[in-house]
Structure formats: C-alpha cells, structure tokens
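In what follows, structures are represented as structure tokens.
Each of the next two complexes has chain A plus one more chain, namely chain B in the first and chain C in the second.
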Partner chain A sequence: MFSLDLLLDAVVIGVLLGCFYGAVSLGLSVSFGLLDVPHVAHPAFLVLASYAVSFLNEQYAVDPLVAGLLITPVFFVLGLATYRLYYETFERRGSDAGVRGIAFFFGVAFIIEVLIILQFGVDQRSVTADYVGKAWRLGDIRIPYRLLVAFAVATGLTILLTLYLSRTFMGRAIRAVAQDQEALRLMGTNPVRIKQWAFGIATAVLGIAGALLVIVAPVDPTLDRAYIGRTFCVVVMAGLGSMSGTLVAAVILGVAESIVLTLFGASWAPAISFAMLLGVLAVRPQGLFGRR
Partner chain B sequence: MTRNGIAFWTGAAVFLAAVFAMTQLVGNQYPFFAGYVILQFVALAVAWSILGGYAGYVNFGTSAFFGVGVYASVFLVNAFGAPLPVQILTGAAIGALMGFALGLLTLRMQGIFFSIATIALTIIIETTITNWRYVGGAAGIQIQRPAVTAPFDNYVQMLFFVQALLVVLAVAISRYIQNSWIGRGLQALRDDELAAECTGVPTLRLKLLACVISGALMCAVGAPSAMYLQYADPAGAFNLNYSVSTLAMSLIGGTAHWSGPIVGAILLGTTQQLLTVTISSEVNVLVLGVMLVLFVVGAPEGIIGLIRKLRGKGKEGEA
Partner chain C sequence: MSKKVSKPGSMSRRRLLATAGAAIAASPLGASMLQAQQAPIRIGMSMPQTGGLAGGGKASLLGIEIWRDDINAKGGLLGRKVELVVYDDKSSASETPAIYSKLIDVDKVDLLFAPYATVPTAPIMPMVKQRGLLLIGNFSFQVNSKIGHDMWFNNAPWGPPDSWASSFLDIGQKAGGKSMALLAADQEFAQNLAKTAREVAGKRNLPIVFDQAYPPNTVEFSSIIRALKATKPDIVYVASYPPDSAGILRAVNEIGVGDSVKVFGGGMVGLQFGAVMENMGSLLNGVVNYNSWLPEKSMYFEGTREFFDKYTKRAVEAKVDPLGYYLAPFGYASGQLIEQAVKAVGSLDQKALAKYLRENTHKTIVGPIAFSPDGERKETAVLQAQFRGVVDKNMEQFRSAGKQVILFPENLKSGELVAPFEAARK
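What follows is the complex of A and B.
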C-alpha cells in the first residue's frame, strides 16, 4: 500500500498545496499578525471572493485570475470599511474589546456564510478555464495544472507583499505601527489611518486568494470553517506577522496534510491543521519565526 | 435563606410544576418539540456564560461539548442500552473532564488564541467521531427510544421535562456562582488577570472550576438530544451553529447577570422556532448573526444592560 513513489508524490503535491495555503493566509498574516485584529471572518471573506470570481467566470466568461484582479478594489474598500467599524466600536472604546471583538467577527462570518447560501444555494461552485482539469506529467508524478497556477500566483503574491512591506514608505509604516503605535503617534502620524490602509491591503489580497481557492477545488458556502484552521495554523506557526515565515509554515502544513491524506485517507484531513495549530499554541506560541 | 433565595426557588418550583402540568394536559405534540429546543438553548447559554460571561473566555466550542454529550449517549445506548439518567450523568462526567482539559489550555492561551483553540477542539473531536465506525461514522446512526416511563405518555414530553430540570440546575449553579466568591474572583480575573493573580485570587483554580462546570453542563444538555432526534451524525451534532447560537444568546441577553442568558435564549430561541417554521432555517441563522453583530456593536451590555439603563440605575443588581 505504501511506497516511496507515493510519498514523493505526496510531498510534491504538498509543497504546491502549501504555497497555495500561504497565499490564502497572507491577508490574515497582516490583519491578525501585524494589526492584532481577531479576524475570525477572514476565511469567510475568502470564500466570498471565490463566489464573486465564480459568478464573474460563469456569467461573463472572465478568466478566474482576471476576475480575482477585478474584485480586489472592491475588497480593498470592504476592508477599509470593516476596519473602520471595528475601530470605532471596539478599539476606540477600549473596554472589553476582546470578548465582543471576537464575537463581532464570528457573527460577521456567519452572516456572510448565510448570505452566500441565500444567493447561490448550498451546491458546490467551480470555475472553467484552460488550466482547470488538466495535468502535467513529470515522470511518474502527475501534477494538476491548477495546482501549478496556484503555486506560481501564490509565490508571486507573497514576494510582492513582502517587497511592499519592506521597500515602500507605506509598507514600512505598517510594520512600524505593528511595532509601536504610540511612537508613531508621537511623531505626528495617525496610526489608525495606517492600520486602516493595512487592513484594506490585507482584504484586497483576498480577491486573488479567493480566485486561487476556487481554481484549486470547488467551493461551498461552509468551506470557511475548514479554512479557519488552515489560515490561523499558518499564521500562528509562522510567528505573527512574518511574511516569509508564512510561506514556510504553509508549506509545512501542505506537506503534512498531503502525507496524512495519502496514508490515512481524506476523512482525517480536516483535523490536521487544527491539530497542528493546537500543537504550536501549546509548545511554541511565538511561532517558528516569531518576533519575541 | 435570603428573601431573594426564597423567591428564586419558588420561581423554579412554579416553573417545573407548570412544565409538568403541560406534559399532562397538552395533547398536541408540537409545543414539546419546539419547547425542548428552546429549553436546550437556555441551558446551553447559561452554561456558556459561566465561562464566557463571568470569566471572559470566549468559548467557540459549545458544539464540541454538545456533540460529545450526544455521542456519549449514542455509545451507551449502543453498548449497554443505558437508561436516560445514566446517559446524562456520563455525559456530565465526560464534559467535566473535557472542561478540565480546556481549563489547562487557558494556562497558555488567552483571548483570540483560546477561542481558536476551542474551534480546533471541536473539529478534531468531530473528525475522530467521523472516523469511528462503532457509532456510525460519517453516515450517522439511528437510535431506538426505549418505552416511556409513567407518568409521561410520550417520550418527547418526558425529554421536555428532563430538559426543564437541567435548565433549573444550570440556572441555580450559575446564580450560586455569581453571588459567591467564585463569581467575584472570575470577574476580577476577567477585568485583569495579572492584577487578580497578584492580589491573591487563585486564578488557575477558578478558571479550571468554571471550565469544568460549564463543560459538564453543556455535555449533560447534549446527552438527551440523541434520544430527542432518534438519530445522530457528526456534522449535525458538532455543527458550529450551536456555538454561534449559544454565544449570540448569551451576549444579546447580557452576561453581567445570571438572568441575561435566559432572556436572550428565550427571545432568540422562540424567534428561531418561528422563523424555521415560517421561512427557512437559513434565514434564522442570518437573523441570529445580524442580531449578534447589532448588539455587540450597539448595546454591548445586552438586553439586561438596556433594561438597567432604562431604569436609570447604575448599581450592580443582586438577586
């Protein structure tokens, strides 16, 4: 039953899958990792983006990746609005932001889920494109093109975001606000505006990530529940706010999931990310590449 | 016993007597089916707020405890044909153990990390049950109800009464905690855990206690559900809807007072029953989510807080 070929296959697929997990976790790495917003609704936004992409693809035959690009401005604005609401109602009032902030995003996630069900039904959705459904043969290993596309876009997205955060003025400001908000205020800048901008960027990235999600596999409205585990596992394992760490952690998760899938079957897959998340939280809460 | 205490226990006795009289007099079965679900959510919300309200640890894992309670019953019925009281007691015992484990987690995790960990527990336990053939696996399992015992002439009526007993138990415990040193200690650690620890509040012991009590109650509430539905499957028993409903009901009612979750659960539970019958179960989750967000944003102290504000009394209520 178990052979070396099978294992190699699992590892290759796992690495590709991992890079994809990295791409869907990037936004959370900014919003939760850098800004400390308990963004439990991140995966719900992700699935929402997938549905938007699938809708554009079905109705107007737009390529999924182009559709993903098209919806990024909308998601950027959505991110700005979400952070503004969160800031006005929780961060500024200060008192007891923990309990209600978490409950707020949990509620938002459920609202999005139900709105998707009411609009599109509970059936699975997918996209059509040239690279969906075909595979590339490399010796004995069969690699689906959709995973390769996801891999390439995910890697590109990670590099772009890393460069943005380290090279541009605004990117550096975002990292500064994550390190010491008070210092920024003393220097005459408004940390809230910077955080709002960062949250917008984090949500905009979800447009492309949502396209990748629906390219890799069909989506259904409750898929966000599984991705709560994957995205938070990746971000926490990476150490909050580390972009390159996000990619490494995501690859570790991808390979682990892929190997367990090959050895024990698909029914165990949902638990992997959550189990790893619990393990990381219990053993090394600062993550692999943590700040502290 | 204080005057408040006498009033409380009289109220509880009247409630139970009314429920019992209803099982003897009402012929239509629907009120019992609907009422059972509402009572179930009252008990869950009260149990949730012992940890989530008093101690401020947001538990998303209500469905984990509930589901384990359901499957404890499934296992006991399957293996030994155990009667209902044994199912509930075993559920409570397992729930207490799970609560203890959860309490240990609070050692290392607070805030959002704790909440995410509770979701993680839910999914891990659900996956394990899904892969456990003996209790039906992913496909679920049918359960035969045993014959009903007198004085009830219908099993659902009996379950309705049993659930009412659980509600009284949960409320009594929650009320006791709020008025004792345990509640004051929990509120202290909710406001500032470090400061509480420094002033000599035994935070770890209190957190463990809150987790164990809350967990045991949630599992006990889940246990009769297997008999109620006569069917159990992992996707249904561990549905995150239980978590979001319980959390919403507690926060909407208000967690500052033990009566808050009851108000919230009765209000939302009844609305949900009406919506499920008249429109659809999706819309009822939507209403729940919207209400949760509205209250969390607009009325952070919940209905209890609104009532207090209307009365113009700022002082903490004592009941």
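What follows is the complex of A and C.
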C-alpha cells in the first residue's frame, strides 16, 4: 500500500520523532560520548525525571515543560553525586572499570526503577497540557502538537549544548578532557572535577528530556529498558560526542523507523534501526559525525 | 523380638491417646488447635508485580489474598490454614519456568495457580503437563490450545477461542461493517487474538484490508494509525497490551481514523484498569472493548458486593487499581474453585480435584463457572462494552452504571451501539 501522501506523512512524523529521540539521547552523548562513562542508567534517570514532571503536573498543575526546567538543578546535583560515587568506587580503581562500570550503572538503574515503583506504584503516568492529545492540521496531514514540542525542545537543547561546549570555558574544558586527560592534568587542572561537572550537565539535560518523554507518551517504571538500545544506538551512530551529530543521527533513525512503520509494517521497525547502526559501524567506525 | 500385647480390659496407651485426640478434635477449641498444628495448605504462584503487567497482577493477587483471608476466617480448607507462596515474575516469560520449578521442587507447594496473563503463563504449560499437576489459569488466552493439558482450568470468561472475535465482529457487521483492519501487538496474547479474528473474518468472507503487528515498546503510533486510516476500514480490531493501548488511543484522537470506521477496539488490554481509564478520560469515548466484569445490575452474584467492599478498602493501602473490576473478582473466584473442589473431594489429590472441576458447575462471585474439555469456559462470558460520556480525570465516574454500556452478551446487554466511531466519540 503505497501513496505519496503516506510517504510524506511518514517523513514528517519521522523527523519529529527523530528529534524526540535526539533530545532523550543528548545527555548520553555527553556522558558516554565525551566522558566514556558506560551510563546504562541514563534512560532510568530519564524515566525518573518524567515521573517527577508528572508528579508536579498532577499535584500542582505545573506545565510539564516548566516542571522539566524546575527539576534540572536537582538533576544537576544528582548527576554530580552519581559521578562522584562512580568515580570513587569504580573509575579510580583501574583499567577494567569499563565493564564493572556497566554493572554499577545497571545497579543504579534497577534501584531507580524499584524506588519509582515503591513511591508511585506500577501504573502508567501521563501529563495534561494544552498541547497533549491535539493535532495541528496541515492540509491533509495532521501533526500531533506533542511531537512539535519535542522538535522545538530538541533543536533548542542541541543549539544550547553546542554553544556551551564550544564557547564557554567549562565547555571547552569538557571537550579537552574528552580528548586528552593527561594533557589537562599537566596543565594543572583536575580532570575528575571537570568530568564531574560534565556529568552534572548531562544529567541536568535529562530533566527537560524527561518532560518530553512523558509528553510524547505515557510512562511506566520499566520504560527505561526500551530506551537503552535506542539512545546508545543514536549516540554511537552519530559518532561519540557530537551534539548536532546526535540530533541528525536521531532524525535519520526516526525517519527510517517511521517509513518502515508506515509502508512495510511495524514488525520491521526495530530491526531497521539496529541494521543501520551495524551498517554505519562497518563503513564508518567513528560514526557519521565522529572525528578520528 | 518382643511383642506388645495389650491386656484385656485395660485400655492401651495408643487407644487412650486416639480417643483423647478424637475428643479434642471434636470440640470447637480442638478444631482450631488441630488446624494450628497441621501444616498449612500452600498455594504457589508467580505474579507480575513489576513490569508492564504489574497493574493487573497486583490487583489479581489482592483478589486471591482476600479469598485466602476469607477462607482462613472460616477455618481453612480440610481444617488446614491456606497460605500463598508468591514470587514476582516481572511480567516476563523468561522468569516463570524457573519460578514454577522452584515452587514444585523446592517449596513443594500443594497447589498451583498460574500467573496473570498469557505471556508469563505460556512457557510453564509444558512443565505442568509433564508433571501432571492441576493448574488454575489466570486470564491467559488459549495457552492450552496446543498443549492439551487436561488438568488446566482457566478462571477467565473467554470461552471458546473464536467467541471473542465473533462477538466484536457481530457488533461491527450489524452496524454495517464490510471490511476489517487488524492491528495487534507482536506477542503471544495479541497474536492469538488476531489469529482467531482472521479465522472468523475468513469464515464470514469479511475482507481484511489492513493487517499489521507492531513490536512491543513502540513509542509512537501516529504513522501506524495513518497507514490504517488510509485503507478506509469499517471495523477496526485492535489487540494491544497495556503500555500501547494508551499510545494508540492518543494517536487515534490526534490523527483520526476516518469516517468509514463503525466500531473500534475489541481486544485492548489496559482499558479495564482504573488508572489507565482515569488517565485516558474522554479519549475512551466511543471505543467498544472487551471486559470481564462491570458494575451493571446483572453482574452481581452471591458475595460479589461483599467482595468489592473489602477490595475497595484494601486497594488503597496496597496501592493497586482502586476499581479492580477486571481481574480481582476472578482471582477470588480461582480460590472459590479450589475451595469447592477440595471440599467435595475431601483431599488434595490433584487428579480427583481436576475431575471434579471438569464435571461440575461452580458457584463464584463472578457467576456460575463450568468448563469444557480444554479447560476454558463452556460458554463465553466476555463482555463487549462501549465507553460513553466519560470525562477527564475522574476515577469515581466508572463506579456508576452507564459509563460502559454492555453490548454483548445478549442476556447482559444494557444498551445499543452508537456508530460510526467518530460520532460516538463526541
């Protein structure tokens, strides 16, 4: 069943969906892409943020996006603490930290999941806002407002993060620590503190990304498992550490998924994203936008 | 070798003990003493308490626990207390085989209940059959169709495999439906539903214009709904699991499914749960979906009201579905099935219990239950009901009759279908 209308619609929805994937992957692009931290608890923090947003929205009728902004400082501090704990218990102790680090973050993810269940129960949560559940009519195409919000926030976040990493002192320090820790140490700077700061930023971004997550679809405590694959796929495909690359890779993934969903059937969609990841890794191991 | 010979006229020590024991057992005090001394009857099960099925699993478990407390208050079964041994299977099919092995071999439980839902139940069926054990099913769909275990009894109202799809398609065809679209989650339960829907449609020469399976964890349904809409179906049969049902309805609300659609729904799991219904609010309007129990007059049997009084109180502290219509009363009914069988048979002999369950009709709070040879209900008692006049963010509205109008079965019907779907949504 093929028609130009459907294809066009699939592309539009795919771009928007891709932006959403980009927004939820940006934090990981900093923590995993730049800092080499195997942060598999990234989606768990994301779900935690979405629960916080839905709580604020339900109890105090705060707009989800505003709620997302409100919790960013908290998540920043949470990020600082998590990295410190990770550094003291794992990273400092040697070369095999990578594998053990994964175990650490899986543990963190499970703890977060259980804490959410204990506090909020197992039911799905969602938010109410004017832009949830309505669509914008563009001729024959109808675009859900929530995806437009995801699009706007994702672009905004990417621009902000790119500017931050290239224009500010701390931002450049973060990129420096990603390139050569030893050199930074020789300059008399403490790379651990910079990495801790960067991890804080990566986690703070999740505050807003979490708001997007619960705006786009209802969340449940175990949703993080669905996002581990997607977010890592986006970050690795983009090339580790490139913010705009992350967004572009996510859009490519979103469009591919959407076209496959619409024209070939939903069963094929997950296979497509990972096939693309394999393809990129085979042809360009450094990722689409990574530098060697 | 010495032989003890009791002197005539004097009572042997053993006899004295036995007489005294019988006397104590006969007194009311003795009964409770004896019960306290005897090991409890242990019923083992896994139940999804985390993961996608947890909302249902926890409510179901609470229903079973209320039965346990009721039966223990009445003195237990065979004079023994009833105890539940429950593990969390995390909604996962990969957890249940190990859990049931442990229940059988390590915990050595006396009786088995299946976990809530099809997906976690399917993988334990071969093992339970091999060991020749009685298993009370808990809302799984057609897990016994290929296994053919003759000691399986499902508490669910499904009935014959095709009745679910038949009742929905009946409603659609009566409303003038001439083609069908089929959207189903890519997993055991939904695919079973889809399969029977295809078969029924085939028998009735109803063309299927759209037939797609979507993978679990699909985030965004806009594209799928758009593709479905493009095929202009009259009847849309959806077999979805709780995390997706909300996403699908939201996309339908945004994208629309077109004016051709007469009925929409059928097999959406999730829309039976209080929290989901409260969340979805007015998005539910117009959807015709299956259900198991609804607060309509015809649905009350002996003990139903008392059960819900207890449930409503305990649901708050247990943080489970405040309504609990879908699963909890059937969890209680599972207990009632065992209760009646054990009382009639007078032992825990699994074969005898199975024989009794197969040959009799059992009184439960969800109505009389009789089984066909495959362990499913003899007659379907699945409701198809249409959501009407639902408002946003209000749980209490669902406690009153009329919010979900029963269209099927005939004897429980409480209203007529409003069609087309787009009109019914307003």
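One rule holds for everything that comes next: the second predicted complex is superposed on the first by the 269 of 292 C-alpha atoms of A that agree within 3 Å, B and C clash if a C-alpha of one lies under 4 Å from a C-alpha of the other, contacts with A are read in each partner's own complex, and residues count from 1 in each chain.
To be clear about the criterion, contacts are C-beta pairs under 8 Å (C-beta built on N, C-alpha and C of every residue); 3 or more make two chains touch, one makes a residue touch a chain.
Keep in mind the model is a prediction, meaning the values are calculated, not measured.
Chemist: Looking at the overlay, what does A:103 touch: chain B (first), chain C (second), both, or neither?
Modeler: first
Chemist: Go through the superposed model and pick first if A:89 touches only chain B, second if only chain C, both, or neither.
Modeler: A:89: touches chain B, not chain C.
Chemist: Look at A:117 in the shared chain and tell me whether it touches chain B only, chain C only, both, or neither; answer first, second, both or neither.
Modeler: The answer is both, since A:117 touches chain B and chain C.
Chemist: Quick one: classify A:281 as touching chain B (first), chain C (second), both or neither.
Modeler: first
Chemist: Regarding the shared-chain residue A:262, is it in contact with chain B (first), chain C (second), both, or neither?
Modeler: A:262 contacts chain C only, not chain B.
Chemist: Does chain B (first) or chain C (second) touch A:59, or do both, or does neither?
Modeler: Neither partner.
Chemist: Determine, under the contact definition given at the top, whether A:10 touches first (chain B), second (chain C), both, or neither.
Modeler: So A:10 only meets chain C here.
Chemist: Would you mind listing the overlap between the chain B footprint and the chain C footprint on chain A?
Modeler: In the superposed arrangement, which is not itself an observed complex, chain A uses residues 113-114, 117, 226, 267, 270 for both chain B and chain C.
Chemist: Considering only the defined contacts, which chain A positions touch chain B in the complex?
Modeler: 32, 38, 40, 85, 89, 93, 96, 98-100, 102-104, 106-108, 110-111, 113-115, 117-118, 225-226, 228-229, 232, 236, 267-268, 270-271, 274-275, 277-278, 281-282, 285
Chemist: Name, in rising order, each residue of chain C that touches chain A in their complex.
Modeler: For chain C paired with chain A, touching residues are 49-52, 54-55, 58, 91, 186, 210, 212-215, 217-220, 222-224, 226-227, 230-231, 242-243, 246-247, 250-251, 253-256, 273, 275-276, 279, 283, 319-321, 392-393.
Chemist: Which part of chain B faces chain A closely enough to touch in the complex?
Modeler: 52, 56, 58, 60, 105, 108-109, 111-113, 115-117, 119-121, 123-124, 126-128, 130-131, 138, 240, 244, 247-248, 251, 282-283, 285-286, 288-290, 292-293, 296-297, 300
Chemist: Spell out the residues on chain A that touch chain C in their complex, using ranges where they run on.
Modeler: Touching chain C from chain A are residues 1, 3, 5-6, 9-10, 13-14, 17, 20, 113-114, 117, 121-126, 128, 133-135, 142, 144, 147, 216-218, 220-223, 226, 258, 261-263, 265-267, 269-270.
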